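Shared chain: chain A. Partners: chain B in the first complex, chain C in the second.
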Partner chain A sequence: MAGTSEPVPGRPARVRGPAQDVAGLGVGRALGFVAPALLLIGAFLVFPAVWTIYIGITNYRLTGVEAVSPSIIGLENYTKALNDALFHNALWLTLLFVLGSAIIGQNILGFALAWTMRKARPAVRRTVEGLVLLAWILPSTVVAYLWIAFFDRDTGTLNSILGQQGTAWLIEYPMVCLVLFNTWRGTAFSMMLYSSALQAVPPSQLESARMVGASGWQTLRDVVFPHIRGHVLTNTLLISLWTANDFSPFLLTKGGPNHESETVPVYIYNVALQGGELGYSSAISFLLLIANLLVALLYLRLLRRRS
Partner chain B sequence: MRSIKRVIPPAALGVAAALLLSGCLGSSDSGGTDQDANRNADAKKVELVIGANSVKGGKNSAGATFTSDVLIPKFVEAQKAKGVDVTVRFEGDGSDDEVYKQKLALSLSNKAGPDLMNIDGIWVGEFAQAGYVKPLTDTVGDAAKVDDWDGWKQIPESVQQLGSFEGKRYGVPAGTDGRVLYFNKKLFAQAGLPADWQPKSWDDIIAAGQKLKQLPGVTPIQINGGTAMGEATSMQGVLPLLVGTGATVNTDGKWLGNTAQLRQVLDFYRQIYSGGLGDPVLQREAKGRDKSFAEFAANKIGILAEGDYFWRSVVEPKEGVAKMADRDAAVGYALIPAIKPGAGVKGQDFVSMSGGGVVAINPNTKFPQQAWELLQFMNSAEMVEAGLNGAAKITQRTDVNAKVLAGDPMLNFVATKVLPLTQYRPGLAEYPKISAALQQATADVIGGKSTADAAKAYQTAVESAAGGKDKVTSN
Partner chain C sequence: MNPAYVVRRIGFYVLICAITLFFAVPMLWIASAPFDASPGLGVRWPDWTLDNVRKTLDHPYALHSMVNSLLICVTTAVAVTAFAALASYALSRVRIPGRDALLYGLLLLSSVVTGTAAMVPIFVMMFQLGLIDSRFGVALVMTGGLLPAAIFILKDFVDAVPKSYEESARVFGASTGQILRDVVLPVARPGLATILVWAFVNSWGNFLVPFLLIRSIDKQPGAVLLQTFTDEGGSANLSVIPVFSLLFSIPVVVLYLLVNSRYGFRFHGGIKS
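Moving on to the complex of A and B:
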């Protein structure tokens, strides 16, 4: 900073201060540089979000009179959502889904894989990582088909393995199936993130811990965890947001049977397209957006407190 | 605190922008009515698209095959003779009806979509209200041109109603159907039931179910229920049962609420699905209806309520989606009885429900005149008969029906015995919402709720869908 305190020669008029304009572009050119990005963000992020807010205060529908001439109904959609038992159901199921499959499932399985694979032979490690990654990169429709085949009542793989017939897993235990599915599906990210995070743990400290006779759990808690706490928070934030907004449950159960696995994104889809209530579904989408922001703020606060 | 202050400017911006946008939604519709109906009337190069929920080798395969391989080439040929170079494309779909409807509605709301589209007659009301379809006379521009088409004389009034809304024709119906109880004669023989079974009351159905229950691995009765099957639950389940109690879903402008008749219907569901006579899981599966077809074809279901579609396109030995090689010998059919003799709607002993598809013209087509020509061509006696390709189906045209139905005893049965008894759904825009509430009520009962609770929840849903307590009957 001290070295660049003099104005850049040749453009004294445009440079307001060295700290603000290290590249010496000036405000106009700097704006020129970011304008394309801002335009894209404006067109594809800000505008749809604002549009959603707008539709959310109307009674716009997919068909019928309200499709041609919707009217502004203010906050009616929001008050309706607050009293909508199915929306409460969807929120509760989303919470279960995030807690079970992301915060517990993917986090723990991802860390466990990263921790055990650390010392494994490279061949074993690559094979395991490859398989876990495969679950992550396959297209959702393909994966959904495989899992439906796995859970199917009549000729499903799971029933064949268990040597029994007639348990319709996706009907009788829809949420358990979805949690298992999503844990399987998304663990790769946590595994990779923790693998690289674990490399930041100084081997000398691990060595010392072993020398003083720390148990495996003590080592994890007192040596490893303090080093990767930031990563744990980041990872948990990302995967819980992804999971809360994940639509693939629809591919497995369509939210059924009878709303028993209808997480918020699936509920929004069903309300918007099955029920045709575009206005109401936009209002719920906006509520989901706010919930996302709140979760993100909470995590950011935790992160800041740590540092 | 600082973070809150930072949020305020963008939030304010968002609200301001939202206010600016108000009034933009939906108002773009007015463009449709201003269009010149004679646009491109003299074009020498014409492109048309026919959209339908049918696909070769899948759903309604025969219809897709006929449209692509016979109808389109013939029309192109006929137009060529007039010096017009027409290209017609068939845009097939093979999804659930609800999904097809969503896709179509989304296309139409963006002024896209096929020029001629096959839609369910019951969607006409809500599509018309949304401006997605317009009265044929508006789209074609010339009332005489539409009304003078000689085809109308061949289409019975009740069938024409399928394509009408508030007294105006929106499309040409593509035939109608009727609902019956199918039963597997092989299973019936094993259970000691007659091959010419005809139940006279709901108790007779339950009694037959009890006998079929003795057979291992057999689901005695399949009456569609639950939300996963969508309109199939209403058409093959709730509505025929409801008319069997003497009630209709809309009487004198009032929607059916939590009434004794509704509770009787729900109770019948409860009897079947909690009494081990039906398979509750199947009603909740995402692909439950397709599975019920496969199970019936595999001799695992005793009695199944369906439309004549089931006979023509599902267990049909050659092209069906769940072929039964021995269909003619193995599948029996019976009229759906009222809850007890004489208790049905209009005092009938037996009841049915009917519906049917409609072909409508997209108001935003580039070639409205040519689309109307294609629509007439499609519904000419020659093409309607050709479309059957030797098979039988209750078509929209009386002249064709007279020729073909005699050849198929089942469809003749529907045309002569079922259609005189049948009821149509009200062509009102609220109907789909009411129907969804009925489906939800059956789902609740199958899921284990008591009949009273399910009926109560239904009442609430109907009041909100109908727009007020005064528009709903209850007792």
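Moving on to the complex of A and C:
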């Protein structure tokens, strides 16, 4: 789903100056203008989110008796989640996925690209950035197929490069593959964010760091990092949130083999539509919603402080 | 030219080459396999032919799914743009009671209620509404999901439009309707075009919503049909999948290039998905 625009106004009305109804719209018609959008958002975004709370305390199922007349079972679904080894497995794998592909992979590769491309020739810069962006804008099913082909056991490109055959990467090392895949897929965002953040670093400070003979690493740590610290934090939060909610692992491995790559989104799908346990999967969805809410609140608070 | 400098330059270029290869190699397949006489999963210099293109066009569902994608995405993009335009104008110019809280709520919603977190209730809701297997239902869900972010991005555009245009039109006696149609709409056109393309590209690539809600293969959009091909596996599909992937990717890339060249790339976080 879509993220937020950046930078986001802290307090829109006051920062942007008072609204002036110059066209003479009036509050009544203004409400009429806002109403259709709010109705759609209410019906297809707010209502489902709130409804998860209710479904989550029932034993509603896709088929069978409970599909016709579900009954309220209180917090049973949540206590079940506490003892569900597969759910714990999903949480752990999501943590690995976020840590490996977002916090480490996309962040570091994105920054490295932004940093090195500053000094690169325009032609090199355009080519590299174009490729990174292409990885980002291609439809997810196409990208997933590209990687399935890349990792294939018999004729995949990776095995040809390594001059071997018979390693089924997606089956033997599913999480490593997913981390690589998502790093490739999402680095563009971090690259663009850090590119624009690096423009705020005063060139004079970089110059003086060079004059006093600071090494590259020292320059990064003492001159560049203090200027972009806020960006690093907000970027990390955003990409972590997106990665934790990413459904594309399903396209590559479907959570397999034997739950070895079943991150929380894939687990929710498998429990709900393969297992038919709508009540239980709603309870897990609600936990995911709460986690998203906490990250988003923290993100907005950080942005507000920065502006 | 001291040695340390040379070593650093070499290291620099090796790094750039490695990164470029990392991004390029998995993509090469989509350039070579569509035109290979016996396409496989590996990248190799193709044995040039256009046979696969003909086979793909002859496939009973391939072109059909593109039409489905087009139907769903045009509906979504137009609805998102129209409703977000109305809402963002009103929110930008009129102080509606509770406006700041509303904007904050929208901002939160756009990142908190993701497709994966809401898939179960959305599925149940559409199931009970009888909108399973309906392309219109898919467009409705996508519209609801994209609207909060669209309103936000578009409000940024409208906020940047000087109010003096509307003021002078009003001084000359234009009615509210005239001002909106003849002054605001033309000035806001770049913003509207951006949102239109943004919503289209987002819904074009969306896999989860149609995957949940569409059952019959003749109603599947391209994103889901490609997954259906993958699940079926087999070498028969290998002449169709590469060309189909390529055709399915072209609209997104073309639209991106178009927006980039006409309006320049405006950096909005999350503008992709």
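As a working rule, the second predicted complex is superposed on the first by the 253 of 307 C-alpha atoms of A that agree within 3 Å, B and C clash if a C-alpha of one lies under 4 Å from a C-alpha of the other, contacts with A are read in each partner's own complex, and residues count from 1 in each chain.
Quick note on the criterion: a contact is a pair of C-beta atoms (placed from the backbone, for glycine too) under 8 Å apart; a residue touches a chain by one contact, two chains touch by 3 or more.
Every value quoted in this text rests on a predicted model; they were computed, and no experiment measured them.
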Which superposed partner A:95 touches (first chain B, second chain C, both, neither): neither
Chain B versus chain C as contact partner of A:274, first or second or both or neither: first
Which of chain B and chain C A:108 touches, first, second, both or neither: neither
Partner chain(s) touched by A:64 [first = chain B, second = chain C, both, neither]: first
Chain B versus chain C as contact partner of A:256, first or second or both or neither: first
Chain B versus chain C as contact partner of A:25, first or second or both or neither: second
First (chain B), second (chain C), both or neither touched by A:297: both
First, second, both or neither for A:51, with chain B first and chain C second: both
First (chain B), second (chain C), both or neither touched by A:171: first
If touched residues of chain A are counted for chain B and for chain C, the larger one: C
Common ground on chain A, meaning residues reached by chain C in one complex and by chain B in the other: 46, 49, 51, 55, 60, 154, 273, 297
In the complex with chain A, residue positions of chain B that touch it: 3, 14-15, 17-18, 21-22, 25-27, 29, 98, 102, 105-106, 109, 123, 126-127, 129-132, 226-228, 281, 284-286, 291, 429, 432-433, 436, 443-444, 446-447
Chain C to chain A touching residues, read off their complex: 12, 15-16, 19-20, 22-30, 33, 40-43, 79, 83-84, 86-87, 89-97, 99-100, 102-104, 106-125, 140-141, 143-153, 155-156, 159, 163, 166-167, 170, 176, 179-180, 183-184, 201-202, 204-205, 207-208, 212, 222-224, 226-227, 230, 241, 245, 248-249, 252-253, 256, 267-273
Chain A residues touching chain C - in the complex, by the definition given at the top: 1-6, 8, 11-13, 16, 18-27, 29-31, 33-34, 36-38, 40-41, 43-49, 51-52, 55, 60, 109, 112-113, 116, 120, 124, 127-128, 131-142, 144-150, 152, 154-157, 159-161, 184, 189, 192-193, 196, 238, 241-242, 245-248, 251, 264-265, 268-269, 272-273, 278, 281-282, 285, 288-289, 292-293, 296-297, 299-300
Chain B contact footprint on chain A (complex, rising order): 46, 49-51, 53-55, 57-58, 60-70, 72, 153-154, 168, 170-172, 253-254, 256-258, 273-276, 297
